[in-house]
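The structure appears right after this line, and notes come after that.
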Amino acid sequence: MIKVGIIGSTGYAGQELVRLLLGHKEAEIVWYGSRSYIDKKYYEVFGNMFEIVDAACLDDNMEELARKADVIFTATPQGLCASLVNEEILSNVKIVDLSADFRIKDVATYEKWYGIEHKSPSFIEEAVYGLCEINREQIKGKRLVANPGCYTTCSILSLYPLVKEGIIDPNSIIIDAKSGTSGAGRGAKINNLFCEVNESIKAYGVTSHRHTPEIEEQLGYACGKQIMLNFTPHLVPMNRGILVTAYGNLNGKYTYEEIKAVYDKYYANEKFVRVLEKDVCPETRWVEGSNYVDVNFKIDERTGRVVVMGALDNLVKGAAGQAVQNMNLIFGLQEDMGLQQAPMFP
Amino acid sequence: MIKVGIIGSTGYAGQELVRLLLGHKEAEIVWYGSRSYIDKKYYEVFGNMFEIVDAACLDDNMEELARKADVIFTATPQGLCASLVNEEILSNVKIVDLSADFRIKDVATYEKWYGIEHKSPSFIEEAVYGLCEINREQIKGKRLVANPGCYTTCSILSLYPLVKEGIIDPNSIIIDAKSGTSGAGRGAKINNLFCEVNESIKAYGVTSHRHTPEIEEQLGYACGKQIMLNFTPHLVPMNRGILVTAYGNLNGKYTYEEIKAVYDKYYANEKFVRVLEKDVCPETRWVEGSNYVDVNFKIDERTGRVVVMGALDNLVKGAAGQAVQNMNLIFGLQEDMGLQQAPMFP
Amino acid sequence: MIKVGIIGSTGYAGQELVRLLLGHKEAEIVWYGSRSYIDKKYYEVFGNMFEIVDAACLDDNMEELARKADVIFTATPQGLCASLVNEEILSNVKIVDLSADFRIKDVATYEKWYGIEHKSPSFIEEAVYGLCEINREQIKGKRLVANPGCYTTCSILSLYPLVKEGIIDPNSIIIDAKSGTSGAGRGAKINNLFCEVNESIKAYGVTSHRHTPEIEEQLGYACGKQIMLNFTPHLVPMNRGILVTAYGNLNGKYTYEEIKAVYDKYYANEKFVRVLEKDVCPETRWVEGSNYVDVNFKIDERTGRVVVMGALDNLVKGAAGQAVQNMNLIFGLQEDMGLQQAPMFP
Amino acid sequence: MIKVGIIGSTGYAGQELVRLLLGHKEAEIVWYGSRSYIDKKYYEVFGNMFEIVDAACLDDNMEELARKADVIFTATPQGLCASLVNEEILSNVKIVDLSADFRIKDVATYEKWYGIEHKSPSFIEEAVYGLCEINREQIKGKRLVANPGCYTTCSILSLYPLVKEGIIDPNSIIIDAKSGTSGAGRGAKINNLFCEVNESIKAYGVTSHRHTPEIEEQLGYACGKQIMLNFTPHLVPMNRGILVTAYGNLNGKYTYEEIKAVYDKYYANEKFVRVLEKDVCPETRWVEGSNYVDVNFKIDERTGRVVVMGALDNLVKGAAGQAVQNMNLIFGLQEDMGLQQAPMFP
């Protein structure tokens, strides 16, 4: 039984980790970390856990946690994980960091986009980027995994085969992404009140969202060069779900079958990436509550572009689900353990 | 492995049965019945099932189905199940009927409220009312179970201890119920369009909703006499969930502790009924996707009434989940098999 | 041109006052009061007002405001208006108070239910309860009007004819009310975040909501005696709208026509109260953005009760619209001035 | 008083025309056309109009209508208006066509994208494209105005200054648009049911949506050459609102001030186009119920692109509001008559 500690268990991603791990037959949560709700029963924060989780929330105590747990998930704001890790901790416990601290290899890029100093640059090199379908082999056995961002996972998995195979010009890529509101976190902010979000849609972080360099770095690895692209996130009045609509200039003329073959090459054997049938557009309703990413594409012969679409649940494949998938890989478990439930609809 | 056939698998309740049974380790779906989508792949109707269910939808063929399946779920409009059952069928297969055909013992009452003739009155006596927490022992081994209605389950479980123990006057009961829109079914009706339901709330079926006699009959059994009450359903702009707020005149002065003890007497050992802590009101968000019913009460000393509240997911405990619970009881399986997932939030 | 000052103009009700008054041809806003946004442009708080309102928000300065304005609307938390009024102020300016400070005639009742000391009990007697359809004549020319609560307006107008004419037993009344989330205000609270409210419904303030004594007092005036009733509010995932479903024991046998005649007696000439046609249930979608209250009833011959329903927009007839209606009455303007727009759908 | 006839008055756009015209002091509706609800009271179809509109719905009788009305709005499916107009009709009455029949000058393009034969190609030349801010002078006095599409209005107004002034390469334009569900019409389709739309977002009509050639044609006029672009619409779980996020390659280096000046050149004096302040992103919540279009832009120096955003209410500026604006222009009325209400929030 793998003993799990969660730092930041009272955010939306933290709570989703709890939900998923309760259904994982080889994992057991031993630490519900939450600075905001210390000593409060976890079910008082999340009523769905009444009579299911009896534990109370604990303050962050990294040393004690490293002794008690086999793996720690940090579902915390940027900077916290980097401030907590050190060699002794990492020699005792595996860490799956759901924040951005170890996602970007270049410290300067991290510090520029996030506006904070990195506290543990020496561990960046060691950390593996936990996009399971791409870096599966490197994740196995690792002690520090940087769990990818929600927008990032959806964007990269949607575009990866086309970039990797040189089908599109990576510098022509435009990613227009739409997210449910749980992506904005559980902080008490006026802009996230029901009446402010409901019946509205808006872009935010235009040209400056922090997932941009993360996407550029990973897609850059895929094509072997530095790239720059546009990424625009939007807030949608729904709880869960991310839809990515991406545009790229085709490097030549391609048939549907040719591009479909490229997607199949990478994803035909991937359980969690579903390449939809021709002309079927991904919809977030079909992945809710599950670890699936639905992707598809449409060639526009008129303009010489391809429109790529991807949909996932931002709290599952975009956060907690992929973190569990990473845990499974680290510990050599069946990769989909605890992640086998079908999407819930409606 | 129990072989399951579903008639009406392309409605919301039918699809929820599929979702739950896919996670049930002792059950296997062998028949996806759907008159509306014959020969269509199930995943073309419900995209969440892509790469999960490969079967196509089948027409209703009760004889063949009775041979192939160990249990049939009928998630169909009223009247269909009654028109399909006969002695030969029931000698071959168990039936859990999610429609109202076998819920009401008095044929005249059924025919009056539903406005249709009952086609199999001879089986009404045999059928057991599948409210698991109340009729557990009678359900075991039965071949015909009438799965309770969604509003009914929530209403009865919320009020049962008070009626059974004579705490309230059953004829004073007023049930004001609120349901998510999946309860209205998947038919293409203008009144159920997004723009008609969203940003609105309304009552419907006032004084005439068909769940009224079902509630009256069952609560009548609890207190040993015929009763009459008011039941008013409302349509709420959300997908899932039923909240019941019920009012009853107290038969005397009671403390919180006394009434709490009455609830505990019936529910302390019931996994799926959670009696909340003092002053915590049930909310549908805390039960979504799960088989739980959350109940609580508040004494109003000023008026001498008690306000009782209950919340459940209309598609799970209110339909498919309870149907699976009934199947488990019929076949002697662990009662919560396939129903162990925690509620999903948000 | 009536000069209007608004204290609390950056709450939802305050902003709705602005929206309505911008379309009022005899009123002009001269003071956008807001303690939270002093010196901030009003359109920076509410983007809908960009290029429409150029004014900045001002601190509360009652003396200055009383000199500059002909009427002040206080759309503020309980206690503020009572702490600001005095004889000098009231000799200079009319006040329409949208808080509860002057709604309840008995100071002890106010202090018990609101848990605060009343700062100006001497003005309670003078204040008129601004439920326009009931107290029209008393409002005209008054200098202090207590604008009724949102739930209260809907509850009283729905039940008034039946209580006034002795059709129902007032002590049997149960009011089950459902409100959109703008009723919860614009404060940054976790419980009002989009993901917490969306896809859920709950009761709150059960047996203890502050609108209870207000409803009891006013319906008590209608029947000439003190009464006690149950009032339960619920939070619904929509922006605007209140639906009241109320239950009362009939004092005898009545036909539809008899009760319809009672409603018509009071409302046939009331523009803003629409008694719907037989069997049509009020729905909040049909009154959104307007000052209408839709009411109807259904007799339950089985139980001897009547089910009464009412729907209004909590920000219009439940707050700002009725406040404007009161202003019109005070100043002798046409009662529906600025309130003539049809409801907006969808 | 202008006498108005509406063909298709029981769709969402038709009903919005009714709402707006009820507040228009120089217009009076004399004909509520609706093939689906002939002889039914209009308020039975739209309950918001109870006690406001007493008229019943009428069948389409173009001859009679042309005699009774001064202007006809056709809020109907494509093809109907083209099948109804002729010289005699147009000599008697003005027509504002809300369908696409007269928007596209090239018949072949129309027939290819819409898949139907054009029944009145001879009137296409005469028809003026009713995008008021661009074609104001040509609209005045015209007898046949093609009211632009909802996506089109938002897309063109957002991009027009940049294309007109040669700031961006028009063939690089990518328009990613998001619409509320009222844009999908009031037809009873499963895909538009509440539970199907709620909690989901999807793209549709990818590379093939009919508003594409309309946008291309109009922006082509702006830059003086034929262009091709990508347009992708999305369905968002909200009632009203369109948000356009568009991307274009800058033809050089521009400062914020330079591009702002370009927008101001075209829109500084336009009441209904609001160019927002720097870094403020348009949001549909701020335009709901009004005829405003909010636009803004953000330069991405890294990629050499500009991100342009526009928001409007699809039923107002995207349909009925612009139609009224066109009527005002045709008849020489004040352009904003009947369109002066502030946006409604929340």
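Every chain is named by a letter (A, B, C and D) in the order it is written, and numbering of its residues begins at 1.
Rule of thumb we're sticking to: contacts are C-beta pairs under 8 Å (C-beta built on N, C-alpha and C of every residue); 3 or more make two chains touch, one makes a residue touch a chain.
Just so we're clear, the structure is a prediction, and the values are computed from it rather than from any experiment.
Among the pairs B-D and A-B, the greater number of C-beta contacts is found at A-B. Farthest from subunit D in terms of Cα centroid separation is B. Chain centres here are Cα means. That of subunit A falls 38 Å from that of subunit D. Averaging C-alpha coordinates per chain places the centre of subunit B 46 Å away from that of subunit D.
Subunit A and subunit B have centres, each the mean of its CA atoms, that are 36 Å apart. In subunit B, 12, 182, 195-196, 198-199, 237-240, 283, 285, 288, 346 are the positions where the chain touches two or more neighbouring chains simultaneously. Contacts from subunit D toward subunit B in the complex involve residues 12, 181-182, 186, 188-190, 192-199, 237-239. Of all residues in subunit B, those touching subunit A in their complex are 12, 15, 18-19, 22-23, 46-52, 182, 199, 239-240, 274, 276, 280, 283, 285-290, 294, 340-346. In the complex of the two chains, the subunit A residues touching subunit D come out as 171, 174, 176, 178, 180, 195-196, 198-204, 206-207, 228-230, 232, 234, 236-241, 243, 245, 247, 281-285, 288, 298-300, 302-303, 305, 307, 309, 311, 346.
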